[in-house]
Amino acid sequence: MPVRPLDILNKSLKSPVIVRLKGGREFRGILDGYDIHMNLVLLNAEEIQGGEIVRRVGSVIIRGDTVVFVSPFPGGE
Amino acid sequence: MPVRPLDILNKSLKSPVIVRLKGGREFRGILDGYDIHMNLVLLNAEEIQGGEIVRRVGSVIIRGDTVVFVSPFPGGE
Amino acid sequence: MPVRPLDILNKSLKSPVIVRLKGGREFRGILDGYDIHMNLVLLNAEEIQGGEIVRRVGSVIIRGDTVVFVSPFPGGE
Amino acid sequence: MPVRPLDILNKSLKSPVIVRLKGGREFRGILDGYDIHMNLVLLNAEEIQGGEIVRRVGSVIIRGDTVVFVSPFPGGE
Amino acid sequence: MPVRPLDILNKSLKSPVIVRLKGGREFRGILDGYDIHMNLVLLNAEEIQGGEIVRRVGSVIIRGDTVVFVSPFPGGE
Amino acid sequence: MPVRPLDILNKSLKSPVIVRLKGGREFRGILDGYDIHMNLVLLNAEEIQGGEIVRRVGSVIIRGDTVVFVSPFPGGE
Amino acid sequence: MPVRPLDILNKSLKSPVIVRLKGGREFRGILDGYDIHMNLVLLNAEEIQGGEIVRRVGSVIIRGDTVVFVSPFPGGE
């Protein structure tokens, strides 16, 4: 039985993730929630553009429609 | 159980939020309502473009389809 | 209970609204109707582009899919 | 009770309308039909681009997905 | 009762049509089939770009999602 | 009764097809499968861009959402 | 009976795949999961842009909405 993408989101709860958005922006933060549309809630999040942190927010709700990918942070280059 | 994104919207009612729209515009205002499509109602809202306030409105209904993210305002940089 | 975005549209019936469309155009007119897709009917409407009125129409049906936001007109800057 | 956008389309049957499409093209013609997706049928239609008539067709089926707005023709500037 | 757009497609079966696609391409050919998504089947079709025939195909299935409009060919300018 | 677009896909199974994607890329290969979303499976496929083969793959799953048209290969110019 | 695209995904589980995203990025990695929306889970994945590896991640969840095609890696040129 294949792994379900939402199961991986569930396993990543309370852990740091990178979220790439359409248009090239990224958020990094602690995954605090999600729903079946892949709407996401991040805590202690940084918005990154061109490698630079452009905003820090205590919490952010990201619409799933704008998400390209989500990756658990450790294991990045 | 994961936090649901709409629960966070609900907790943000009557509080200031930043709403980033596709194309780069932002609204800041008091979150007064929402629905399951993430359509939002803001009160005393400012539309911001390139860091400048370009419009002030008493209330605005934002279509969820155009929303990239919503963030409770305090905690920003 | 949160305010529902469509309730705000309902309260704005027969009143002047600004409608921002994707791509930057705006309509101003009297909100005469709407449906759950946020398709809108405006009366005595002006289409505005770059601050200039480019068209006046007695009535116009705007597809919700193209709407970015709707704002009751009074209260603007 | 608000006016429903499709009711206005219905009232415009057999009358001239302007249809603005995404990307800036327009059609003008006699509204002969529609459905709930706002797919439209125009008769004796002219396709207009940059103010110039670029095509005349006896009938045309326009996909609702590409429609920005529909306006009954009389009352235009 | 309004004419239904799919009824017009049905009446155009076995007849030449012009199909305008998003992005500006066109197909001309004999309409051989369609479905409720406005997916289309054309026979003896020519793909046209900038007024030039760029491809001839015996048959082609066009996804409705990419269709801007369909027009029965006779009656064009 | 009109020909159904998916019937034509079915008749093209095990035969060479051209698949045009949004953005201008094409795949050519043997149609091995499809579903109602027009997701496609091609075997022995070539990805073509600007008339050049840029990739050869043993099999590829193409998302229907990105498909502009599918054409049985023989009969092309 | 045609091959179903999701069956091919299923057969590719635990095997290397290339995933092309809208906008030109690619991921290469071991397919670990998927769902009916073609959301994908890759392990030991590399993000590639312009032929260069720009990121390595232990796991990544890719939204199906952004996928153009998925190809089992062996058999590529």
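A few notes on this one:
Letters A, B, C, D, E, F and G name the chains as they come in the text, with residue numbers starting at 1 for each one.
Keep in mind that, in the parts below, a contact is a pair of C-beta atoms (placed from the backbone, for glycine too) under 8 Å apart; a residue touches a chain by one contact, two chains touch by 3 or more.
It should be emphasised that the depicted structure is a prediction, and the values quoted were computed from it without experimental measurement.
With steps allowed only between chains in touch, the distance from subunit A over to subunit G comes to 1. For the pair subunit A and subunit B, the distance between mean C-alpha positions equals 19 Å.
Centre-to-centre, using mean CA coordinates, subunit C is 42 Å away from subunit G. For subunit F, the set of residues touching two or more other chains reads 9, 65.
From subunit F, with subunit G next, the chains follow one another around the ring as F, G, A, B, C, D, E. For subunit C in complex with subunit D, the touching residues are 9-10, 13, 21, 23, 27, 32-35, 39-41, 55-63, 65-66.
By the touch criterion given at the top, residues 2-9, 18, 22, 38, 64-65, 67-72, 74-77 of subunit D touch subunit C in their complex.
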